[in-house]
Structures are given as structure tokens and as C-alpha cells.
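Each of the next two complexes has chain A plus one other chain: chain B in the first, chain C in the second.
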Partner chain A sequence: MSAAPFDPTAPLTPSGNLRRRRLFSRFAEYGATSAALVAVAVLAIVVYSVAVEGASAISLDFLFEGAPVGIAPELVGTAELVAIATVIAAPIGVLIALYLTEFGDRRAAGPLRTTLDLMNGLPSIIIGLFIFGLIVEATHKQSGFAGSVALAIIMLPIIARGTQEVLLLVPANLREAADALGVSRWRTVLGVILPSAMGGILTATVLAVARAAGETAPLILLDSAFDGSEVSLNPFEAVPNIPTTIFRLSEEASPTGFAQAWGAGLVLLVFIMVSSLCARMLLARTRRRMAAQ
Partner chain B sequence: MSIESTEFSQIVAAAPRRVRIQTGPLADAGTATGRPRELPVESVFEAQDVSVFYGRKQALNGVTLRIQRSRITALIGPSGCGKSTFLRSLNRMNDPVPGFRLEGQVLYHGHDLYAGDVDEVEVRRRIGMVFQKPNPFPKSIYDNVAWAPRNLGLKQGLDERVEKALRGAALWDEVKDRIKDSALGLSGGQQQRLCIARAIAIEPDVLLLDEPASALDPIATASIEDLMHSLKGRFTIVIVTHNMQQAARVADETAFFGLDAAGGEPSGALIECAPTETIFNTPADPRTRDYVSGRFG
Partner chain C sequence: MDRFGDAALYGFCVLAALLAAATLLAIGYQIVHGASPAISKFGLGFVFETKWLPSFGVFGAGTLLFGTLVSSFFALFLGAPIAIAIGLYLSLLAPRGLRAVLSPLVEMLAAIPSVILGFWGILILAPFVQGSIEPWLNDTLGFIPLFGPPQTTGSSIFTASLILTIMVIPIIASISRDLFLAVPRDVQDGASALGATRWEVVRGVVLPSTTSGIVAASLLGLGRALGEAIAVAQVVGAGEAIKASLFETGDTLAARIANQFPGAITEMHKASLFYLGVILLVIGLASNLAAQWIGRRFDYQRMATR
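Right after this comes the complex of A and B.
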């Protein structure tokens, strides 16, 4: 028998390499904490600077008038573009999620999920180029509809994956209960599964809306040749929208344009943050309700 | 919500006749093949040498068993001996389980349940099931019961149908004043009776109960057992239970399942099936005797 590696009767203060291990541990802890703080700080600084720079531009006229005073047409236009994109993407996204969780072949589900994740990572400018070739070249003009289709492609994987996650939370015993009543699968989906998951589906949709509302690259290609002085709703013409207006105003060599760009940025930022927060709250409520079962 | 309406008798008359449901072909209309096999009138199910596999694992080996009409048959035995597997094979609830495979034949009123032209949704419309854990839908009490009839097109006299089902499940008096409240607010025992009401609302031919009382306290269990006595005669009932006293109290026939290692790896098998009194007093197989007298399991 060799001697014990330490003296069990020694005082219980750090011995051996414990001091060094402690130091490393503390180093790692501080590193992780400060990285987390950096993330919060970046968001805080961005929000703060947009708020400070943009606040001076915000006024009732700014929100309710057209160019050159305000951005009302752009606000309405962005709402319209995103609404059309949602109408296209939400049903398809929910159906994809239903295929993944309720109907699909297990072997097809994996590759389809990967496809959606890859789609989520597609650079938006490439989606813009694709739709440019598909719609703008064919119709020889930019249009809000072309922009909406591009936004729908961006929203689709977010809605599909988000809905899939929440459908997986629907308890399996509800499906069993419905099966045992001799009700067909589609009726079960409509009557039991979708209502249980509705909160989560809304969440996924709102998150996708928040993402799409700020997308700029595809709109520069597809929907930037507009006159921002009046509200124009025809989606088959170019529709004024906020992201490209921010882009255009910030390129102008005039201080008022620049201030307006900040103002429009603030409006967009507030919209996106409020809708994201609402989405999170909705999701938390859905999760609580499902956990209660 | 009143049962006094004059419509009620008409509705009952208009309700699907159970006799027709029981003997009609299970396949979608027009695809029936041949005449049903002749069976003694009282048999609802006839399992012939049924073996069940989940992937490579055999769960059930060579079960041959008759289940009689309008009676209560209990399936008892130790855990893992295939009772629930057998029960779920009777209305094809095992179909979605990955790797599930069934050999042998399960005849339901003479029709092979696993024949190619049999529609499993039609099977479950006639053979209802209640599960171990109460699983009400996150809907109102009324909608829980009304949902399946609505989807099956039984929309006439829905209120009366719901009331009849809730009365049948001995729940009506407790919930009649809050029928639009969420079912999730009911106690466990009430939820389970609601699940039974939901199952009988579509007037199935058979009720399969998979340990319906095992998640409930003794008082709720007693009410479920009372309920089974009152449902006897209207439905053919098959119940899986871990509780031998429960089987002795409610069942006319009892089937004892055990583990059989004859084919190498142990798998579930039917040891014997007989009238409940015989199983508990004079069982033929020593394994049954050991189990019911509490010597193992």
C-alpha cells in the first residue's frame, strides 16, 4: 500500500493544485457572464441610439402624412406586404408542420426538417434575386406582390418549424382518445390538435411577421421604385415600404432625410420588439396550459 | 338540455341500430368480400393464434380466445404479459406503434380485423376505448361528449345524446349545471367517467377499458365499477386490470395472461380463460392458482 495522496488530518484549506483549478473556474465563469452581458449591452445600445436619434423625427405628421413630411404610406405598405406574405406562408407552413407531426412518413420527416432549416438560412438577397427572375422579369415591373412572395419564402420555415415544435407538445393521449372514437385523422387535427396548439401557431406566425417586416434586401430588388407621397394599396404596383425607405433616406445627402431614416427605424424597431414580446408571452401561456394537462 | 322533449323518442328511434352496426362489413361501402364466417351467436371477438411483435421483440404468443357478446371479460395477469397489447389489438390501436406486426387472426363478428380492405377508423367507430389515464379534450364537458357524434354526422338531437351519454356514465347529476365549463376542471374520477361518456356517446358495439381505474382513488374506482355493471348488457366490455379483486367484482369471464418462456425469450401468452368464478376458485393451471392466491405477481 502506498501512502494516501493527501493527509486526511490536514486543515480543510485548498491544497495541491486546487488554487489553480479555482482560478481557471473563476476565469471561465467571468468569461461566460461578460459574453452574456455583451449581448444585452449590444441590444440596449442599438435600441438606445435608435430611440435617441429617431425620437426627434417622430411626430403626428410623421406617422400620418406622406412624403416629404412623413412615412404613412410606407407604414401602410409594409403592413400590406407582410399581411399578404402571411396569408401565403401561414397556411403552407402549418400544413408542412402537420405533415411532419401528424401525417408524414417518419423517414421523410428528418430530411424535410433539414430542408426547412437550410431554407431558414438562405440569404434573403438570393430569395430576392430568385423572385426577381420569376416575377419582376416576367411582368417587367416591380410590385408589392413580388416583395410579398419573397417575404413569404422567408417566413415559411419559421412558421413551419415553430408550429411543428408546438404540435409536438400536444399530448399523445389526445390523439389516442380521438383515434379511439373512430374519427378520421384530419377531423382530429381540425377539432382537437390545432385548437390545442393555436397559441403556439400564432406565436410562430408573429415571430415570422416580425422577421419579415424588417427584411430589406429582397424589397430593394422587388419593390423599391415607388412614390412615397400617397398611400397606394395595389399590390401589383410597387408599394411603399419602410425598410427600403430607411435605406433610401439614409443614402440621401440631407440632414432631414437622415433624421427621417432614424425615425422610420424607430417605428420599425418598436413594432418588431412589441410583436416579439407578445409572441413570447403567448407561447409561455400556451406552454403553461399544455403543462397543466 | 331537457330530456322531456317529444323529439327524444324520435331521436332514439333515429339513432343507428346497433344490430346493423355490429354485422355490417368493416370496409368502406362496396368493398365487402364474401360472407362472414359462421360463428356461435354470442362471440364478438375470436382471436385465433394471435402473436404480436414490436420490431424483433415478441410481446404476445399464440393467443386463442373468444370474447362473448354483452358480457364483461377481464384480462388479468402480471405486468408485461401482453394484456394491454392484446386489448389494443382488438381495435387496431397498435397500428401506429413503430414495428408493430400481428400474426394470426382477430375476427370481429366474423370479419378479419386485419384484412386489407378493413378501415381502422371504421373499426374504432364500432369498438371504443377508454385509457388508463383520463384524457379529456381541452374543451367543455359538453363538447367532449358531442365532438365525436358531430364528426360522425350524428347531429340530430345532439343535446339529448350528450345527456344520455352523461347519464349512462353516471356523471350527469354532477355536471349538469356546468356542462359548458372546461372538462379539465373535473376531478380524476369525473374525468374518467367523462371519457366513458364520450366513448358511449357514439353508441359503439364494444368498449375496451385499459386499466380504467388504476389512476383513481378507491371511491372513484368504486363508481367506475358500479358504472360497468350498469353498462353491461348494452355493450360488450373488455377490461384490462391489475387489480384481481376488481376482476372478481365486475367480470363474467376472466382471461389470465402470463409470461411464457417456451419459445426461448419470454413473451406474453394466454394461460387460461374461464368464467370468473372458475378462475378464482378452481383454476385449471397451477400458474393461475399461484397468481390469484397472491403467490406471485
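Right after this comes the complex of A and C.
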């Protein structure tokens, strides 16, 4: 690095460009700090605009009436879609995680993990196209069920990977204790491992729910032709839902529609933020308890 | 009883794993199957054909492929440096208390549904971009064809890129934060002890040892940007031609599917939209596989240094 030959008798003073190097380092620190500030500022601006514009649209009628006044059918419908999707995705996701951690065949685990990662990275519109070909084309109509299956495919890798991470944290001595008592594998899994990992499984599920609740692209193809004037729960017809309503209102470009879209957006955003926060706190608690064991 | 229970649980687990793999294969099959009329009619020329005229039965993905690549790479170009800087701040600079607050906030950015971000983009970001940023860029950098004169609405490839940037940043930031936290402390302390400034520690130790991880994270971000349909459909303006200027309207593969699929009547229109899905699937899987491959190489590297 240094050009001059080393002179051991020279006094230990900073070389000429140290000031410049320190200054550069200082500027780099400022740059990194301001990048973080930019991200937080963008979040604040988006949340602030949705909160301000949405709050003026929200009223009791807005939350409890159907179209054209309110979004009650969409609220109930989104809850139903996500609930059905969770019922489909959660058991399968947990079973996959169990396969990866408890019955892990090393040769199968790698490809399976790759499969989950690829599934997680798939554009959601592709999943919409897939279910359109699989269900809508076969039944000749859009349905809430088709939407739920698409949401389940989106949720599956999130639940499986999240559960797998917690299962890996389950202390080995729990398993060994169960083995020493002669408990069979399936009883160990159901009675010991799953209960102690319950917090983490719940976290992963809530995160997946938060992701699915706002997912719009597949529902545009699978579940967007609904009326929305009253609550309709039949999953084999199109079920009203919030994301496609916001999308439709944003494309229609009318002032009253915009106000409603802000209101619906605020409701959705609050739900998603609250559930992700809960998931995060739940995860922190589970981690602490696992560490204590 | 126990033997049966063990076998049943194992069986269910295998079944679930097979179901996941089968779903992925079925997705590939179904998309190609849906596209097959268009594939057999237009062949590979579809990918570069720039005309898209549903009423004349003429379809081509060229404009959309162009829009997808330009908007995604521009988003990555803007977002990756910011995201890496955020990762550095969160892992090395921020005081502990602040880190615990800021990290979830950055991840919260990823939790905003794309439809809300896109709606915000139409009503708030686009007018601002059209009224302030685009004129300024045109005045100062107008000699570059990319920054042409602003259009009447803020709907443009540029606005779409900004929205995608917002979506890409939290993904890359949280992965790179974890990467930087995993760089052994003693190596960094060693560099400091040799007189390196904080920046030189980052430049000389932290970044070189995490390069492949950062590339993998960026590819994941790219995959997210390529496949985003809704937010882009809302702000990109559904343009029909390839334009040099970023401030003109354009369209992307995913956005075109979201915009036109519900209204597609003819068989060939639908099949062509499926064909767009095939192209999107190929690009998306490629960037994802590349990210995994590079990320795994990184894992080996780290194992070797331990």
C-alpha cells in the first residue's frame, strides 16, 4: 500500500490523507443514515396519506353497509377468502415443515426447499393464471373458492419456511427426553414438538394472512366480477373483496370512488399493519421462550 | 397403533411435500397449455413483435418485454444502492435501540399491499413526479434521450419504476442487513486495528465478503419487480409503443395480463396473455434460480471461513 520504505524511527503521526479518509468515512456514514431516513420517510408519507384521506371516508355506514355507500360485503368477503386459504395452506405448510425437519431425507430436502423458494418468488399474477386455467375455465365462472386456492398457494411457502425455522429451534433435549421415554415418533411430534413450536407456527400463519389479505393480482382474474351491494358468502360464486374493489375504483377515476378507495385502503392497511406487528411480537416471545428452555 | 401412527404422519408429510412439487409443475404446465394456441400461431417471433392489436388478432410481447426490463432494472438501479446503505446502517451504524425500531419499519414497507401503493402512486406520487421531478430532470439531463419532455399525466415508466423501487428496497435491505450482521466481528475489528476508517472496513472487509449475497438479494428484488402486476398497471399508463424517454407511458408483461385478462373475449387474445405469462414465468424463474445458486455459493464460502 505505502510507497515510502518503512522507517521505524519516524514519529507516529497520521499520514497526509488521513483527514481525507476520515472525512470520506464520515460522509459514507451520513449517506447510509440518510438512506435509512428516506425509507422511513417514504413509509411515513404513504401511511400518512392513506390515514388522512381514508379517515375522512370512514364512517359507521361505510363499514356496515353495502355498495354504493359502504364496503361491508367486501370486508366480510376478504375475511372469508383468507380464512378458506388459511384452512388449506396451514396444515399443508406445517406438514411440509415437519417433513423437512423431522423426517428429513437429505436428498429430498434440498429440492423441496428450492421448490418452496421458487413458489415464494413466483409472480402472483402467474398463480392467478394457473388457477384460472385449473378452476375457472373448468367451472366456467369466477368464484371465491378459486381465489382462495390462489391465495393458499401464495401463503404455503411463507407458512412452511416460517414453521421450519421454529421447528429447528425446538431444543434437542425435548426430543431426546421423549425418545428416552419410549414415545413413538408421531406422538412426540403431535404432543411435544408442535405444541412447543406453536407460537412460531402462529407467527408464520399470521404473516401469511397479512400477505394474502392485500394480494390483488390473482383475484383480478379469479374473483372480481361481483356486485358488492350485499354480503354474499357462497364461495362457489364470486365473493366481494377489498383489493379488487380498490383496484376497480382506482381505474374508474371518479372522486367519490377515490374517497371510497382511500377508506377501503385504510381499513386494509390497518389490518395488515396490526397483524404484522402482532406476528413480530409473537415471534420475539417465542424466541425468548425457546432460548430459556 | 404406534406403527400405524408413525406411518400415517410420515405419509401425510410426504404427500404434502409431493403436493408442493406437483403444484409447481402444474403451474408450468397450465401456463404453457393456456398459451399453446398463441405459441403455435406466432412462434418465438411473438417475443420480439412490438404490435399488440387485439381487434386485429395481432399480438406481440416486444413492447411489454421492453417495459418490464426497463422499469425493473431502473428500479434496481435506484433501489439497490439505497437498500444496501440501509442494510449497512441497520447492521453496523445504528445504535441498538434505534435498530430495534427501524428494522421493523423498513420491513413494514414490504407489507404495504401493492394495490394501495399503486393507488397512492396514481393520486399522490404521479402528479408530484410529473410536476416537479420530470421537468427538473428534463432541464438538467435533457440531452440524454431517457429524460425527454414530461407528458400531461404522471403515468409513465418512470413513475412505475419509482413505485417498484419502493417495493424492492425493503427486500434487499433486510437480506443485506442479515448478511452484514453475519460478517465476523473480529475480522472487522482487525481491520480497524490496522487503522482502517469505518468506511474502509466496509469497503475492504464487509462488502467483499458479502458480494455474492448482495447479488443474490438484488436478483430476488429484481424478480419481485419483474412480476409486479397491480401497482404497475395502475401507474404505467398502458402505452403501446417503445419510447426512448422514461417519461412516456409504457406497459409491462404482468401489468398487461392484469389489465386485459378480465376483458379478453377472443381465444387468441387469452392465449396471447397466457403467452405473456410464459415469458414472465421464464424470466422470473431464471432470476430466482440464479439468486438461489449464487446465494448457495455464498453459504459454502461462509462455511469455509468458519
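Keep this in mind: the second predicted complex is superposed on the first by the 276 of 293 C-alpha atoms of A that agree within 3 Å, B and C clash if a C-alpha of one lies under 4 Å from a C-alpha of the other, contacts with A are read in each partner's own complex, and residues count from 1 in each chain.
The rule is short, and it goes like this: contacts are C-beta pairs under 8 Å (C-beta built on N, C-alpha and C of every residue); 3 or more make two chains touch, one makes a residue touch a chain.
Because the structure is a prediction, the values reported are computed rather than measured.
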| Superposed partners chain B and chain C on chain A - clash or fit | fit
| task | Return first, second, both or neither, reflecting whether A:265 touches chain B, chain C, both chains, or no partner chain. | result | second
| request: Once the structures are superposed on A, label A:216 by its partner contacts, choosing first (chain B), second (chain C), both or neither. | output: second
| note | Rounded to the nearest 10 degrees, the Cα-centre angle chain B-chain A-chain C in the superposed arrangement comes to 120
| message | With both complexes superposed on chain A, which partner does A:184 reach: first (chain B), second (chain C), both or neither? | response | both
| message | Under the stated touch criterion, which partner chain does A:195 make contact with: chain B (first), chain C (second), both, or neither? | response | first
| query | Of the two partner chains, chain B (first) and chain C (second), which one does A:289 touch, if any: first, second, both, or neither? | reply | first
| With both complexes placed on chain A, how many Å separate the closest C-alpha atoms of chain B and chain C? | 8
| message | Identify the residues of chain A that lie in both the chain B contact region and the chain C contact region. | response | 184-185, 187
| note | Per the touch rule above, chain A residues touching chain C in the complex are 21-22, 24-25, 28-29, 31-33, 35-36, 38-40, 42-43, 45-46, 49-50, 91-93, 95-96, 98-100, 102-103, 108, 111-112, 114-119, 121-127, 129-130, 132-134, 153, 156, 160, 184-187, 189-190, 210-211, 213-217, 220-221, 224-225, 243, 246-247, 250-251, 258, 261-262, 265, 268-269, 272-273, 276-277, 280
| field | chain C to chain A touching residues, read off their complex | value | 2-3, 5-6, 8-10, 12-17, 19-21, 23-24, 26-27, 30-31, 33-34, 81-83, 85-86, 88-90, 93-94, 102, 104-109, 111-120, 122-124, 166, 169-170, 173, 197-200, 202, 220, 223-224, 226-230, 234, 254, 257-258, 261-262, 273-274, 277, 280-281, 284-285, 287-289, 291-292
| query | Which positions of chain A touch chain B when the two form their complex? | reply | 106, 171, 173-174, 176-185, 187, 191-192, 195-196, 289, 292-293
| said: Considering only the defined contacts, which chain B positions touch chain A in the complex? | reply: 91, 93, 96, 98, 121-126, 128-131, 133, 135-139, 147-148, 151-152, 184, 195, 198-199, 202, 204
